[in-house]
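Each structure below is given as structure tokens.
One chain, chain A, links the two complexes that follow: it is found with chain B in the first and with chain C in the second.
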Partner chain A sequence: MGRLRRALASDHVAGWAFIGPAFLLIGVFGILPIVWGLVLSFQKSDLIDPNTPFVGLTNYRALAHDHVLRIAAGHTLVYTGVFVPVSVIGALFVAVALNRKIHLIRFYRTAVFVPVVASTIATSIMFLWLFDAQYGLANWLLGKIGVGPFGFFDSPRGALYAIIAMTVWGWVGFDVIIYLAALQGIPHELVEAAEIDGASRWSIFRSITVPLLGPATLLLVVWSSINALQLFDEVYFVTHGGPPPYNTAVVVWWLFSLAFRLGAAGYAAAIAYVLFLAILVLTMVQFWLGNKVVHYSS
Partner chain B sequence: MKRTWFPAVMVVAFVAAACTGGGDGAESPGGNGTTGVEHIILWQGYGAPTQPGETPNREADSMRALVEEFNTTHPNVSVEIINYNNDNALAKLTVALQAGEPPDVTYQYGSSMPQLAAAPGIVDLTSRVEASGFDWSDFYPGEREAATVDGRVLGIPALVDNLAIVYNKDLFDKAGLSYPTPDWTWDDFRTAAKALTDPATKTFGFAFPADASEDSVWHYDAMLWEAGGDILNADNTAAAFDSPAGVTALQALADMAVTDKSVYMDFQNTKIAGLFNSNKIGMAVTGPWDLPSFPNVNYGVQIMPMFPGGDHQTIAGPDNWVLFDNGAARLDAAWTFVSWLTAPEQVLTDSLVTGHLPIRQSVTQLPTFDRFATKFPGVDVFVANLANVQKARPVLKAYPRISEAMGQAIIAAMTGEKSPQQALADAAQQVNDILAIPA
Partner chain C sequence: MTMEAQADRIAWPEEAEVAERPRRRWLPFSPWHLVLFPLALIMLLPLVWMIVTSLETQAESLHFPPVLVPGSLHFGNYPSALRSAPFGRWFLNTFIVTSTVVVSNLLLCSLAGYAFARIRFFGRAATFMLLLATLMVPFQVVMIPTFLIVKKLGLFDSLPALIAPNLVSAFGIFMLRQFFRTLPVELEEAARIDGASRLGVLFKIVLPLSLPALATLAVIQFMWTWNDFLWPLIAVFSQRNFTLQLGLTVFQGSHDVFWPLVMAGNVMSMIPMLVLFFAAQRYFVRGIATTGLKG
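Then we have the complex of A and B:
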């Protein structure tokens, strides 16, 4: 009896009790689907027919011949390559601008953050009308200053960039909040010392602010990249991967189409797994590179 | 095939399908409680009923009213409505099937039937529709065909429609044009579309659903058939749309969209009805479901133009109520509901609210049917147009992928990215690759 009581009182049991609920939820909604997806990627399945024969590596071999996937992968890389630097650098400047004691500062900060809270679909509907090629407000305003008209979501070459603009607007507020928190953590003595030494505002920003924001920047770059590679909502709702042929197709949109519209869920799972591995590798590389550059204070 | 452009969206994460694979842990939401009332779940895709201050959603309102009437008159059954968007019906059902909890009754596109035939729990209704009193032959032949897979009746017709020209009389008058006639060719259509287009006022002669979805494809299918072509060959083993007839049909669209720029290309496929109602579109090729959305337009309806030497055809998109077996008692309750809902009286009640074409032929004999055409001007053209339905889309499991390839080709030609010939040849190659995979 004494032994059991000692065992129950040990840190071991208490620890498991604390993580139990989270462990269960992550297991059911995280680990289980990941394993099931792996099994699915070796099957022929449309998710409707219960007869799902194992087909070995057929789904993975098919990746090489999928020309839509190739287009989608290209768009995903372009999207990530533009979205991540634009949103992170943009957020840095906005955060610095908002890190001041000026009138109505709380209002400005809230305004920047509102798009993050708004649902993607709501903002998508707004942008659909704003960026409408014929009747949109954006073209009307640009026309006033003699620019355009642009096709935006209807333009084969421009639609992807219209999506980038929309998503940067939607997500920059989140990055700004992270940067604002990090800016509060920059020791005031450092800035003061630099000012006394006669440093200009730009050189303070470049030599003190930016390096000390390193950890936040690394976090945002990794986090934004993971999100960018999984872009789906806006493409699904706003452009449907178009204008045809596939001008805004991205990887997750295509695998969703395959699984839920075109009856190729096994193959879609194979794409999901390859994407997962690609994101894993990219994240590891980013951390490895980042940790060489980033300066962690104290 | 009926688009609700109601912007409801279901975002299903891919993993969501996986997270409930098998097992039957949770208590199912339906079923017989302690009250002796059989509770069944109905999925319908007309969206939510109208809220105060909104543009009326008559289809959803009508469905709600009918279900309330049924629940009142059938105290031992209680039907619960779940709203969604028809375009997501198959995806949503896929997830429910993975969870092992399909609804008792669900609205599904006719084109989804070949896939659904393999779904666990789908109810074979053959003996029920053949029982006396149901009068299966009262439904139009095209509807019955679209509800039947390999000789098994797997759905009850929920809606039938077809495509015709809906035109804005005021815009025709303003341009000094005479209205479309039943003798129109596609050349006449093109000439009128060009004359109706005015870049200064952003008015377009024609509008096309350009999201490369099945909605784009069936608009083209009707023209392909009119030109004498077909989607696949007779035994469904190879593409046939890349024929000279196919090129003729697509060239007609490309001439208007690329050369004349008289077509509003709705790449998101959400704006045509609204723009037509704002008097910005001269002609739309659409179905009867759109007529109630045009209260601000003095419109007319005319059957589809033809190609020289061809005939008038159209395409019908019958959709179905599909039943799933959640136990004998619930199945009986679901059948009671569906057979009530699709009985002539209820069909007419719904048509008088929504403008839906009656799905049963006998409805046109009911005494109050003449109110239908009075209430929805032009709808009689759509009813008569059902006789111009000569062909149907292939009933194949691979159909969604065939449609995907054709949709991309049609829009690529209408944006000038490819010539019609090249676009169709590329799509035919893709389709033949798909069909070569042994099913």
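Then we have the complex of A and C:
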């Protein structure tokens, strides 16, 4: 009995010794900030003054009257609403095209995947130049097919769409990798049986491939939406959020500016928590709706 | 089927692939090339144009219609870019931060992941749930308090400020724990009976069997840290503490429209990432397919 107890005790000690360093670090840099962020959202803070008085719900009440936040939220929703379907549906077609054994397939796949490892800043620099209104290659190429010229990032209405085009370029390979993995899971027999029954390629794609990719699609829609709602780097770098009149302002850009440039960290923390809540609710709704539509095979 | 099982079956790059069915041929090659070739060109265009521009003169770059083939290759833009900004310093900073973070994650995530997978200890379920909960919280929620914590610890505007919050990731612990649980436990039990310590079992038996998972974690963590922008933007202030991603913003600003130099700098900032990508494509693909994370 004593031996058993000792063995148990040593397992407790070993377990905590093993997770100890990780747990301490995650406690300090993972859990503490989550709690502190909530506390901060009820305080007034400029990140410098150590005196941070509690202001109750003032920060949350201020959300309703924030003109810039309203613009930024609108842009974020437009961005998410366009970026998610374009990148996910685009990736679906690209993945199906890439899922075959033909010459140059390795080259094609690599070409689609490489942008995934380019940083947001490297990507932004490439597209600032490519989309330069005056000297950009894009305007020249588009001119060849009789389109444009466009102002791209300089255009008040078009800048957000230029950012969408750029981020789709950077993300689509990521979605394609997930779709390719899922496509490998589709049983050959199913496709062959349909072929024997004389089904066309398009009807096989619609009636077999797309439904069987349901779980992967749901995952990608949820994941891309979470990321789209957190758009920041590209907006900050390419257009600096579009200083007034805020052509490309998005929520995270505004909360960053409030916290680190405008001395309103408490209010920014409130925005961050509301954003968190919005992401959580959207994710749950997407899973709930998705699970009604998506068919899971065993 | 789980994503993980699917990922193991992914055809990348030379494993089983869907064979093209023999069809009536109206072209001497598969018609899919008509779709895929233009697509590949579009995907590569920004990268190729970056490289071409990095080899042009300023006059060539500011010419419309664009000069597609430079008169001569100005490799001198690269040393010029290095001289015109503390690029070497930023490179070194990024390298120090990234390598420290990767090594520390491999070690700490292995230890914690192993404990969560194999050791029954008091509070295991609760701490694991807490860990998973932190994964759900977006970075924007924690970035402001993390800034305050880093400041309180006296780390603001230093390389440790970039390193400390990233020494271990909940994601890495979770990923390795999932992998360790797929290994046969009998080997470990046998070693324990032979008198090996927990640490001995982990380092001599479990980790050698887990090299693919460790490689996947390493490349994903490398990519996150090397490419990270928002946290360095908050955590450091002086140019001597910049990472490459921050440096590129200055670099671009100070040269305004001197695109050949900006592009040379951009190419150099991407080289380590690209080398790693081509050396370890398989692990990138596995990392993304199993976990679905770009950063």
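Please note the rule applied: the second predicted complex is superposed on the first by the 269 of 298 C-alpha atoms of A that agree within 3 Å, B and C clash if a C-alpha of one lies under 4 Å from a C-alpha of the other, contacts with A are read in each partner's own complex, and residues count from 1 in each chain.
The criterion applied here is as follows: a contact is a pair of C-beta atoms (placed from the backbone, for glycine too) under 8 Å apart; a residue touches a chain by one contact, two chains touch by 3 or more.
Computed from a predicted model, the values in this text were never measured in an experiment.
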Once the two structures are overlaid on chain A, check if chain B and chain C clash or fit side by side.
clash
After the superposition on A, what does A:V116 contact: first (chain B), second (chain C), both or neither?
second
Looking at the overlay, what does A:I31 touch: chain B (first), chain C (second), both, or neither?
second
Considering only touches as defined above, state whether A:N227 meets chain B (first), chain C (second), both or neither.
second
Which partner chains sit in contact with A:K292 here, chain B, chain C, both or neither? Use first/second/both/neither.
neither
Could you look at A:D46 and tell me whether it touches chain B, chain C, both or neither (first, second, both, neither)?
first
Quick one: is A:R157 in contact with chain B, with chain C, with both, or with neither? Answer first, second, both or neither.
neither
Regarding the shared-chain residue A:F174, is it in contact with chain B (first), chain C (second), both, or neither?
second
Check the contacts made with chain A and report whether chain B or chain C touches more of its residues.
C
Go through chain A and flag every residue that touches chain B in one model and chain C in the other.
28-29, 32-34, 36-37, 40, 47, 121, 125, 128, 134-135, 232-233, 236-237, 252, 255-256, 259-260, 265, 268, 272
Residues of chain A that touch chain B when the two form their complex
28-29, 32-34, 36-37, 40, 46-51, 121, 125, 128, 132, 134-135, 153-154, 156, 232-233, 236-240, 242-246, 252, 255-257, 259-263, 265, 268, 272
Can you tell me which positions in chain C touch chain A when the two form their complex?
1, 3, 5-7, 9-14, 16-21, 29-30, 32-33, 35-37, 39-41, 43-47, 49-50, 53, 61-66, 108-109, 111-112, 114-116, 119-124, 127, 130-131, 134, 136-149, 151, 164-165, 167-168, 170, 173, 198, 223, 226-227, 229-230, 233-234, 245, 248-249, 252, 259, 262-263, 266, 269-270, 273-274, 276-277, 281, 284-285, 288-289, 292, 294
In the complex formed with chain A, which residues of chain B make contact?
7, 9, 11-12, 14-15, 17-19, 21, 90-91, 93-94, 97-98, 115-116, 118-120, 202, 210-213, 264-265, 267-271, 275, 280, 397-398, 400-401, 404, 407-408, 410-412, 415, 417
Chain C partner contacts - residues on chain A that touch it in the complex:
11-16, 18-19, 21-23, 25-26, 28-34, 36-37, 40, 47, 94, 97-123, 125-130, 134-137, 140, 169, 171, 173-174, 177-178, 180-185, 188, 195, 216, 219-220, 223, 226-227, 230, 232-233, 236-237, 252, 255-256, 259-260, 265, 268-269, 272-273, 275-276, 279-280, 297
